[in-house]
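First chain written, first letter: the chains are A, B, C and D, and each begins at residue 1.
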Amino acid sequence: MNTLGPSPHPFEVSATADPGYHNSLPLLHEIAHALRLLRLKGTTTTLDLSAIPFGPGDERLLLECLGRGEVSAKLEALGDSHIWESAYPGVWVIEHRNSCGERIAFQVEITRLPSILETRLEDIEEGLLALQRALANLQTDKSV
Amino acid sequence: MADLTTGTLGDTLRRNGVSRRGFLKFCTATASMMALPPSMVPVLAAALDNAQRPSVIWLSFQECTGCTESLTRSHTPTLESLIFDHISLDYHHTLQVASGHAAEAAREAAMQASAGKYLLVVDGSIPLGNPGFSTIAGVSNLQILEETAAGAAAVIAMGSCAAFGGLPKADPNPTGAVAVRDIVTDKPVINVSGCPPIPVVITGVLAHYLTFGTLPELDQYSRPKAFYGTSIHDRCYRRPFYDKGLFANTFDDEGAKKGWCLYKLGCKGPMTYNACATVKWNEGTSWPVESGHGCLGCSQPDFWDAGGFYNALSIPVGDISRTASYAVAAGVALGAAAAGINRKTKTEANRQHSTVTVDDLEKTS
Amino acid sequence: MSKATLERGLNAFREQVDAPVAAFFSSCVSCGICAEACLFYTETGDPKYTPIRKLEPLRRVWEQEYTLVGKLKKVVGLAAPVTDELLQEWQELLYDSCTLCGRCSMVCPVGNDIAYMVRRAREGMVASGNSPKDVQAAAERAVRIGSPMGIKYKALAAQVKHIEADSGLTIPIDVEGADYMPLLSSMEVINFPEYIESLARIFTHAGLSWTLCSEAFEATNTGIQIGSSDIARELVQRIVDGAEKLKVKYVIAPECGHAYTSIRWEGPDLIGKPFPFKVLHILELLDELRASGRIKTENPSHERMTFHDPCSIGRKGGVIDAPRRLMQMVNSNFVEMQDHGKWNWCCGGGGGVSANTEAEALRLKVFKRKKNQIEETGADKLVTACANCRLVIEEGLEEYRVELPIEGLTELVARHLVEDK
Amino acid sequence: MNESMDFLLWTRGTAFDVAVAIFVVGILIRLFEIISLGRAANLAAPKGSEFLPGMKTILTRTLPEGGTFKRQPLTILAGYLFHIGLLVSLLLFIPHIELFRETFGFGWPGLPNPIVDAAAVLGIVGLLAALWNRLTNPVMKLLSDKEDYLVWVLTFLPLLTGYLAYHRMINPYPLAMGLHILSIELLLVLFPFTKLMHTFTLFLARWYNGAMSGRRGVES
C-alpha cells in the first residue's frame, strides 16, 4: 500500500541534491509564520498540502524537515488516519486515508491540538448516556 | 441501485456506522477536494448532514468507456463511493445488470419518479450526421438525450467527448459529432472535460450539488472553477525551469533526466486548464508531466486537432516552412512583375523628358 | 518656346526616383530627428522646416507611381495628388529653407540621404516652374552671358591686368599644354580678386605650369543650384571643352562649394563620360604641394583663428583634413568650432539660397547658429574656403553687429609663402 | 461553441499561413520595386570605395550623434527602449525561437523568461513614450500621418497581447494566445505595405548613404 515512502520516479531525486524546484521551502516558511501567529494571538492555521503542486521529492523533503515529535495518534474511522506532532511543537501533520489505504487528505495544522482529536459534544452526550446505561446494568447485575 | 427511499446523507453515513470523527474526516477531505478553505469544513459538514438523496441517470453515447473506467476503477470503497452510495444511480447501461427494454424501462421510471430533480450525466458525443451512427435499443442518441434532458435538473457532460465533441469530432468529424451543450440549451450543463476526466471532479460536483443545492462556479467552458481554474502550466512543479529557460530538447537528453520543462517537446500545459498537477492520477502517484511526458491538453476543446502533440505550443498548426517556401517563389515571381512595371514607368518617364533650357523656367500660367 | 508645366514637373519627379530614393522613403518612420540637424528648424523652431517634410511632393510621386499600395490608393482616389498649389507651397521649403548642406543626411537613423533627395526634387520643381525667380534669372545669365553674376571675360581680363601690374606676377591665359587650369567663381573675380593673385603667387612659388581659360573660367553652376541637370550639363560642358582644348592635366576647383560638387562629382555623370583630366579642389592641391614640399611657408601667425568648413567641400566633398593641415602650417593658434568637419553647421547661404532674395530674411535669422558657433571659439579671424560662405558670413556678422575679419585659406597660405625661393 | 479554442486554432492555422504568405510575398514585391529603380552609374573618379563604407554606415547609424541626443533625448531613448524590448521579446523568448526553428530549421539560445518579461515591459514603456512624444513633439506631430499611428498600433498590440497572455491577464488562455497571434498576423499582413518596411529597407538606405559618402571620401 502507498505509504509515506518515496514513490518510484523515472529520474533520481534526492532531498540533498538541488533539483531546481522547492515548493516545500516556501511552505516551511509559511509554517514558521503560522507558528508565530499561534504563539502571539493563538490563531490556528490549516495548510492543505494537496492543493500545492509538489514535485517529486518535495513531500519527502518537507516531512524530513518537519521530523517527528513526541505525540502520535491513530484515528480509525472510514480508514486509518495518522496524526503526529512534528519536531516543532504546535506543528501537526494529519494524513487521512480511506479504508483502502488511499490518501484522501493531507494537511499541516498549526494548533495546540488538532480539532479532529477533540471529542465532539454530541459524542460526549452519547458517551455519557452509554456509560450511565452501562453503570445501570452493572448495578442491576449486583442487585440480582 | 433502484432504491428510491429518501433520506439525508447523514442518515446514510450513520446507517453505515460512520462516526462523527469519521464524518468530519470525510468533510475535511471533501472540502480539500473542492478547493474550499478549511474554515468551510463545519458549514460543509452541516450541509452534507442534511443533503437529500438525488437520482442520477447516466447516458453513454459515442465514447470509449474510458470515463466510466476512470470513475469506477479502484475507487471502492472510497470517498467517491460514499457519495455514490448515497446517490441513486438509476440508469447506467454499462454498469447496470438490466439490459434492453428492462433497462430503458428503469430509465423511464426514474425520469417519471424524479421529474425535474434528477441529475443527468452524459459521456460521449452525439452524432448528428446520421442518427443510425449510434443508438441504444434502436433509439438515436439525440432522441434519448433530448428526452432525458427534458426532465433533468442539470446535465453533467462527463469527459471531453460530451463536453466538447472530443475524439469523434476530430477533423474531419465523420459522424457530425457535437457536444452536449450543442443540444441541451435550456438546462445548466456542467462540463467535466478531460480524456478521461479526473474522477474526483465529478465527486466534487456532486458534493457541491448535495451541499449547496446549486451547481459550482463555472469557467468559460462551463467547467467547475475549483478544478479548472488554473492552468496545468501555472501549477506545474516544472514551471521554475520554464521561467529559467531550462528545457528538455529530447525525451532522453540531460534536460529530460533532470526534469526540466517539456514545453519544447510539445507540452500543452500553458493552454490547458485542469487539476492534474495537484490531484494527480492513480491514487495520487503521478501525472503526465511528472512521468516525463508533456500535457496533451486533453481537457481543452479540439485538443486532437491543435497541431502535433510533440510540437511546441508556439508552432503553428500548418507546415509553416512549406508555406514560406511557396510564398518566396510567388514573391519572386510577383516581385519580378512589379519590378518590370516600375522599370517601364521609369523608362517611359525618361523617354518623355524634354530638355529644360533657361527659356523654360517660368511657369505657364 | 516650351514652358514649365505641372506635367513636365511630374515627369521629372518620376525620372528622379531611383533605388536609393525609394529605399529612403520606404525607411522613414517620421521620427523627426532630421529637424535637429537643420538650422532652418533649430533657429526658427518651426516644424515645417523638418528636412524630410520638404520632400513631400517627391514622396507622393514615389508612392503613387512606384509602390503597389500607392497605385491602388490612386486608383480608388485615396492618394493625395501633387498639384501646382502643393508645389508652390513647397517652393519655399525646397529652395528658401534648404542649402543642400547635407547635415540631415548625417543624422538620419535609418540612413536617409535627404540632401540627395532635395537635389533630385528640385528637378521636378524646375520643370514645373516652381523655382525661385532670382535663381532662374541667375541661371539665365549663366547660360546667356557666361556667369550668374553677369560678368564676362572682359571683366576678368581687366582684373588680371590689374593684378599683374600690382604684383609683378604673370597670369597665363589660354596656354595650351599647361598642367593646371584653375577655375574661378565670379565672386572671386568681383569681390575677392586677392584669390586670383594668391593663385598666381602659389603656382609661381611651386613652379607649376598653369593657365586660366578665357572660355571656361567660371566654375559656378547655377544648374546645380536650381536643380536642373540639363542646364548644369551645358555649363559643365563649357569647362570640359575649355580644358580639352588646352589639354590640361588638372582642373582646379576654386574656393566655392557648389562648384566643387558640380565639377568634381556631378560633372562626369552630367556629360555622360569620365573626364580626360583630374579635378582637384584648390585646398587638395595646396595640401599635396605642402606634403611634397613644393610650397614652403614661414612666420606662422599667432592670431587665434578658426575654420568654417564649406558644406560642399567638407561634408559632401571629403576635403576635411587638408584645410586643417594647411591651417596648422600657417597658424599656431588654430581653434576648432564645436561642430566642425563633417558635423559643421552651414552658413545658411548654400544651395542657391544666397542668390534668392525671397529667402534673405530667413537666411539672416538662421545665421544665428553660425554666429554663435564662431563666437564660442573666441577667434580673432575666421578662415574659410568658399567665396559664397565668405560673403554670407560677412553679411550675417554685419547683421548681428559682430566685427570679425574673414579670409580665404588660399590667400592665407599665399601670404605665408617663403619669399625668395 | 468553443469560440476561443476555435479562434486559437484558426489563428495558429489558416490565418497564420495566409499572414506569412502575404508577408513574404509583400516584402519581396517591395524589395523588387525598390531595387528595380536602379541607380545611375557614377562616372566621377571616386575618392574611396562604396561597399565597406556602406556596410560601416549600416552599423554606425545604430548610434545617435551626440548633438542629436542632447536635443532629442526622448525620441532616442524611447526608440532604443522599444526597439530593444521588441527585439529581445521577439527573438530571445523560447516559444518564439521554437517557431523560428520550425520555420527555418534552426534556432538559437533564448533568455530566461523574467528577463524577456522585463524587456517586454521596457518595450511597452518605450512605445508609450514614443506615442506621447509623437503627440506632443511639434515636429513629430506635424510629420505624422494616419500611417504612423497605424504602425504604432500594429507594433504595440503584439507586445501588449503577448504580455497579457504571458501573465494570463486575459481569460481564457486560448483567447489570449489567439489574440496575440492575431495581432502578429495583422502586423505581418500590413508590414510590407507600411513604414514597418523600414525594418528591411533601412539596411538598403544606410548602405546607399554610406556608399555615396564613402566614394566622396567622407565617413557618414
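Rule of thumb we're sticking to: contacts are C-beta pairs under 8 Å (C-beta built on N, C-alpha and C of every residue); 3 or more make two chains touch, one makes a residue touch a chain.
None of these values were measured; they are calculated from a predicted model.
Asker: Find me the chain with the mean Cα position closest to the mean of all the protein Cα atoms on display.
Answerer: Chain D is the most central one.
Asker: What whole-number Å value describes the gap between the mean CA coordinates of chain A and chain D?
Answerer: Computed value for the inter-centroid distance: 58 Å.
Asker: How many angstrom lie between the centres of chain C and chain D, each centre taken as the mean Cα position?
Answerer: The computed centroid separation for chain C versus chain D comes out at 38 Å.
Asker: For chain B versus chain D, what separation do you get between their C-alpha means, in angstrom?
Answerer: 38
Asker: In angstrom, rounded to a whole number, how far apart do the mean CA points of chain B and chain C lie?
Answerer: 76
Asker: Any chance you could list the residues of chain B touching two or more other chains?
Answerer: 244, 338, 342, 346
Asker: Multi-chain contacts in chain A: which residues touch at least two other chains?
Answerer: Within chain A, no residue touches at least two other chains.
Asker: Which residue numbers or ranges of chain C touch two or more of the other chains?
Answerer: 17, 66, 68 - these are the residues of chain C that touch more than one other chain.
Asker: Taking chains as nodes and touches as edges, what kind of graph is this: line, ring, star, complete or other?
Answerer: Drawn as a graph, the chains match no named shape, so other.
Asker: Output every touching chain pair, sorted by label.
Answerer: Once each pair is checked, the touching ones are A-B, B-C, B-D, C-D.
Asker: Once bound in the complex, which stretches of chain C touch chain B?
Answerer: Counting only chain C, the residues touching chain B are 1-5, 8, 11-12, 14-15, 17, 65-66, 68, 84, 126-131, 136, 139-140, 143-144, 226, 228, 230-231.
Asker: Note which residues of chain D are touching chain C in the complex, please.
Answerer: Chain D residues touching chain C: 29-30, 33-45, 47-48, 57-58, 61-62, 64-65, 67-68, 71-72, 75-76, 79, 134, 137-145, 148, 151, 193, 195, 197-198, 201-202, 204-210, 212, 216-220.
Asker: What part of chain C is in contact with chain D in the complex they form?
Answerer: Counting only chain C, the residues touching chain D are 17-24, 26-33, 35-37, 41-42, 45, 47-48, 50, 52-53, 66-69, 105-113, 116, 264-269, 272-275, 278-279, 314-318, 320, 339, 342-343.
Asker: Please output the residues of chain B touching chain D within their complex, sorted ascending.
Answerer: 164, 179, 181-182, 219-221, 231, 234, 242-245, 247, 263-264, 270-271, 273, 300-302, 305-307, 311-318, 320-321, 323-324, 326-328, 330-332, 334-336, 338-340, 342-343, 346
Asker: Once bound in the complex, which stretches of chain D touch chain B?
Answerer: It comes out as residues 1-2, 4-6, 8-9, 12-14, 16-17, 20-21, 23-29, 31-33, 35-38, 94-96, 98-99, 102-105, 110-114, 168, 171-174, 177.
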